[in-house]
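Have a look at the structure below before the remarks.
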Amino acid sequence: MITPLTHKSTLDERGLGRLVEHLISGGVHGLFILGTTGEGPALPRSLQVEVIRQTCRQVAGRAPVIVGVTDTVLESAVELATKAKELGAQAVVTSAPYYYAASQAELLAYLENLAAAVPLPVFLYNAPSNTHHTFDPATVRSAADIPNIVGLKDSGCDMIYFHRVRESLRNHPEFTLLVGPEELMAEAVLLGGHGGMCAGSNIWPRLYVELYNAAAASDLDAVRRLQSSVMRLSTTVYRMNGRESSLLRGMKCAVAELGICDDGMMPPFEPFGEAERTGIRQYLAELGRDSGHE
Amino acid sequence: MITPLTHKSTLDERGLGRLVEHLISGGVHGLFILGTTGEGPALPRSLQVEVIRQTCRQVAGRAPVIVGVTDTVLESAVELATKAKELGAQAVVTSAPYYYAASQAELLAYLENLAAAVPLPVFLYNAPSNTHHTFDPATVRSAADIPNIVGLKDSGCDMIYFHRVRESLRNHPEFTLLVGPEELMAEAVLLGGHGGMCAGSNIWPRLYVELYNAAAASDLDAVRRLQSSVMRLSTTVYRMNGRESSLLRGMKCAVAELGICDDGMMPPFEPFGEAERTGIRQYLAELGRDSGHE
Amino acid sequence: MITPLTHKSTLDERGLGRLVEHLISGGVHGLFILGTTGEGPALPRSLQVEVIRQTCRQVAGRAPVIVGVTDTVLESAVELATKAKELGAQAVVTSAPYYYAASQAELLAYLENLAAAVPLPVFLYNAPSNTHHTFDPATVRSAADIPNIVGLKDSGCDMIYFHRVRESLRNHPEFTLLVGPEELMAEAVLLGGHGGMCAGSNIWPRLYVELYNAAAASDLDAVRRLQSSVMRLSTTVYRMNGRESSLLRGMKCAVAELGICDDGMMPPFEPFGEAERTGIRQYLAELGRDSGHE
Amino acid sequence: MITPLTHKSTLDERGLGRLVEHLISGGVHGLFILGTTGEGPALPRSLQVEVIRQTCRQVAGRAPVIVGVTDTVLESAVELATKAKELGAQAVVTSAPYYYAASQAELLAYLENLAAAVPLPVFLYNAPSNTHHTFDPATVRSAADIPNIVGLKDSGCDMIYFHRVRESLRNHPEFTLLVGPEELMAEAVLLGGHGGMCAGSNIWPRLYVELYNAAAASDLDAVRRLQSSVMRLSTTVYRMNGRESSLLRGMKCAVAELGICDDGMMPPFEPFGEAERTGIRQYLAELGRDSGHE
């Protein structure tokens, strides 16, 4: 879930309320807040807490709320996780500290320390393009033996990695394997993964719910048809300009364009200008017309 | 297809004959020689020609023979492709010249020049881990308009890339989309790709043929079972030691262990020693026992 | 400057006092705290503030204190910089937020916003191996026009980059150009740079002061002799084991071995064990004997 | 040395004659042909041989001729080296085969095999941006014990690496340490290296000869002045457009602009068009006016 922000870097509370309803009415199975898409690492602590509080209040138990707590400081991650439990969240997601390079043994020790101190179930977050760490399959396998580490969100975009992890955990079906990039969710589920955390749900939640359902039901005709919509969104709205931030800015702009919330962003990012916004609007109209998503 | 070599860097002709029969009796739909797995770029020209000649002679029309002609010199690539046609091959595979970094415009111009001079159908070869070039989806899309460029072998290990290419060519169903890494063939086919060039076929061709058939028939139970065998081979035989050459050396060793051909290798590589060979033997026995492949 | 920590992740206050005296009596021209070597990004805010407070108190005006404030949250960076001024520091060092990839325009806008809000002179910190951003020479050139951006600490290890920046700023001699890695300080100064921030000073401050003086005085015989000591330290103490954290752990271990402070480290790192410590001790003895540094 | 080519990919023989005279009259200490700048890996074998023959004939013993023989096939590298000796060259330069990733042990074994078969002194060529291999300092150190391996040309752009190699070979002063990028030659020599192979010599050989002389004589004022010219050339002529080939195309264009030879290029590159050529002309005029090089 993106974090609805005003252009003054404050929480767009009413937007957040509408966004939660948009997602839940779209049928999502849970909400992941303060992740990469949620600008979690760019938000001051007070805003992070506010996002958890407002989201949990709005959701009111209708779906699990999962909170990203990745931090460069162990103590801060634990602190946020503790707060998340207090405010009613169901689980947390964490990567390793992302400023320093570290060995797999150090990453595993970190996970052990963190899990021992965190009062909620923990999902690992493999996100090398942001954290510049990868949890080796053997590290994931070892981490799966830690009692409250319950799954992996793999955003590494490397399906061979995903299959290696899955193969090494085939006797641990209770360990949940999710993929991050929505473009890979279908094949992950078709080959035995458990689901995805699809950022595009902020725009059209039903598309991803239907894609998941089709993959889970082995309905390949539907999978291919829906995957085509996923790819068209991915190659238009997320690539509005060639800049590194085009995915995040495009997504926020699209959600704003749908009238759901404001498109403020935390530094170093800024909302799209009018030219790009017009482009996003046209893309949405075109994609919505072709695919029936609106 | 690997290139069977003696320990004196000469062609193991009888081994090549046995390997071709092993593959054809395993049901493969075609043979790809002189690719990355075939040590094509490490073979002197005379040996390259000998491999084409012997393979075409042995195959004798029972399956198409596709020849890797990637070279750093345009003229040499064209020369080898011309020779390949003369010797009876059906198509060639080429990447861009791989010593210099080049822009997409330069890569496309190169492909145009090459295709115009080559008397056979051409498959593009996207192989960034070896060539350090990637053909952008837009470049592939443009190349697809060149008459004798007929398909893409994508060894980039990036399924989002593969889906982007597929989406951009959805109105060109005659353009053949294959994946390189065998670990990704199933999902590529499930989502609309046309097949794979699976190096593991050198060991157990039937495994990959069955996996392809299962994926093409949307038989997901079979896909998951066979994919598990594929992953076990991939995480054992191909990772015998931690060195960069472990995939190629492991594969050659496994094929030698099956009694098919010698395991000589071109510099800078050398065959596995006895310790590693024993390990490969054990892996094969274990995997063969569990999966029924032998 | 490293951050002296106990094995319980608390500040080793007496160690910090000794370390400051060690550095000042070694002749350093300033102290840089809470940088990469100082584990700045791994310290909770309260500890960061404590480090600034204790260091400024101990230094008591004998040398400028420069504070690393790099953060993924603009507001937090500004907050720490404000606190640094309050506690008596002379300048701050900042990179761009390091979780998200960003364009040069976004990095420059960030620097403008940060500089406008920070009440101290600001040094840019180019540290791609940790932040995975590089400030392009043109970005540095533009940032140099912002009034309180006064210099660059370049830890990119790319001397062509450094020369490009220097050339583009040759009409701005008041803009201070420092290099991060101590192995490159001599050549930077010989070719017109202004100095370095040498982590090895924590061990043998006089070595780096003498090397700077020799380079500034164009005494090439001395430069070569001292550079040899620098390289021997760099290839032994900083590479005790092959792990990613060997530089930082080796340095902390060496300083502890000299009796200056405890070698506690923040997660995900841990102090060296006895075997590695013995190795460090031997290196120090050998290097000290050969070079006269002790 | 660049390879003068016509626009039909044939050797510009008269241009090559003029270029050799330009270099020798500029005072260079040797000529390096068929390297990266010489488009060696993109030239067919017959053209490579022709370049060696014509260059040796024109030089006629006035300076050593050193030949790049890097190839993906060991046998081909040896063959070219043998031919080079026959035609009168004094040494060869080689990297490791550059298509496959390989371990340091494999790289070292390759160098041993190559050196044993080559009838000339051999320089190692560390060129990771083109070959995607790095010779570890320990590998260079071991290779230095092979009788006819006599030096290293380091084009890795990493001066810490260069200093590590130099330190490890400080008891082997007869092993020649050269840097590739002209921007780093001065500091390499100031700190104890032996020289550089400066591609910019194709344009203004005297600039690099003077810079070398100034560095060798420890004349830092002259070094800084000349280095400034080097950097201005590097940031203008070599960066005419943002494409990957801008260095090579800019250099060829500049040499053609000076009336020395034609600017044909091997695929996948093409000469600059008129707009870029005008830009190069202006840069040369400006730089020549400011620096006295013309």
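For clarity, chains are labelled A, B, C and D in written order, and residue numbers in each chain start from 1.
The criterion applied here is as follows: a residue touches a chain if its C-beta (ideal position, glycine included) is under 8 Å from a C-beta of that chain, and two chains touch if they have at least 3 such contacts.
What you see is a predicted model, and the numbers here were worked out from it, not measured in a lab.
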* Structure fact -> Chain centres computed over CA atoms; the one at greatest distance from chain B is chain C
* Asked: Pick from C-D, A-C or A-B: which pair repeats the contacts of B-D, with over half of them the same residue pairs?
  -> A-C
* Across the interfaces A-B and A-C, which one involves more C-beta pairs in contact? -> A-C
* Rounded to the nearest whole Å, what is the centre-to-centre distance of chain B and chain C, using the mean of the C-alpha atoms as each centre? -> 49
* Please report how many Å separate the Cα centroid of chain A from that of chain C, as a whole number. => 35
* Asked: Using the touch rule from the top of the page, what pairs of chains touch, sorted by label?
  -> A-B, A-C, B-D, C-D
* **In the complex with chain A, residue positions of chain B that touch it** => 137, 157-160, 163-164, 166-168, 170, 181, 183-184, 186-187, 190-192, 218, 220, 223-224, 227-228, 231-232, 234-235
* To do: Please give the residue numbers of chain A that touch chain C in the complex, ascending.
  => 9, 36, 41-44, 72-76, 96-103, 105-107, 109-110, 113, 129-132, 243-245, 248, 266-270
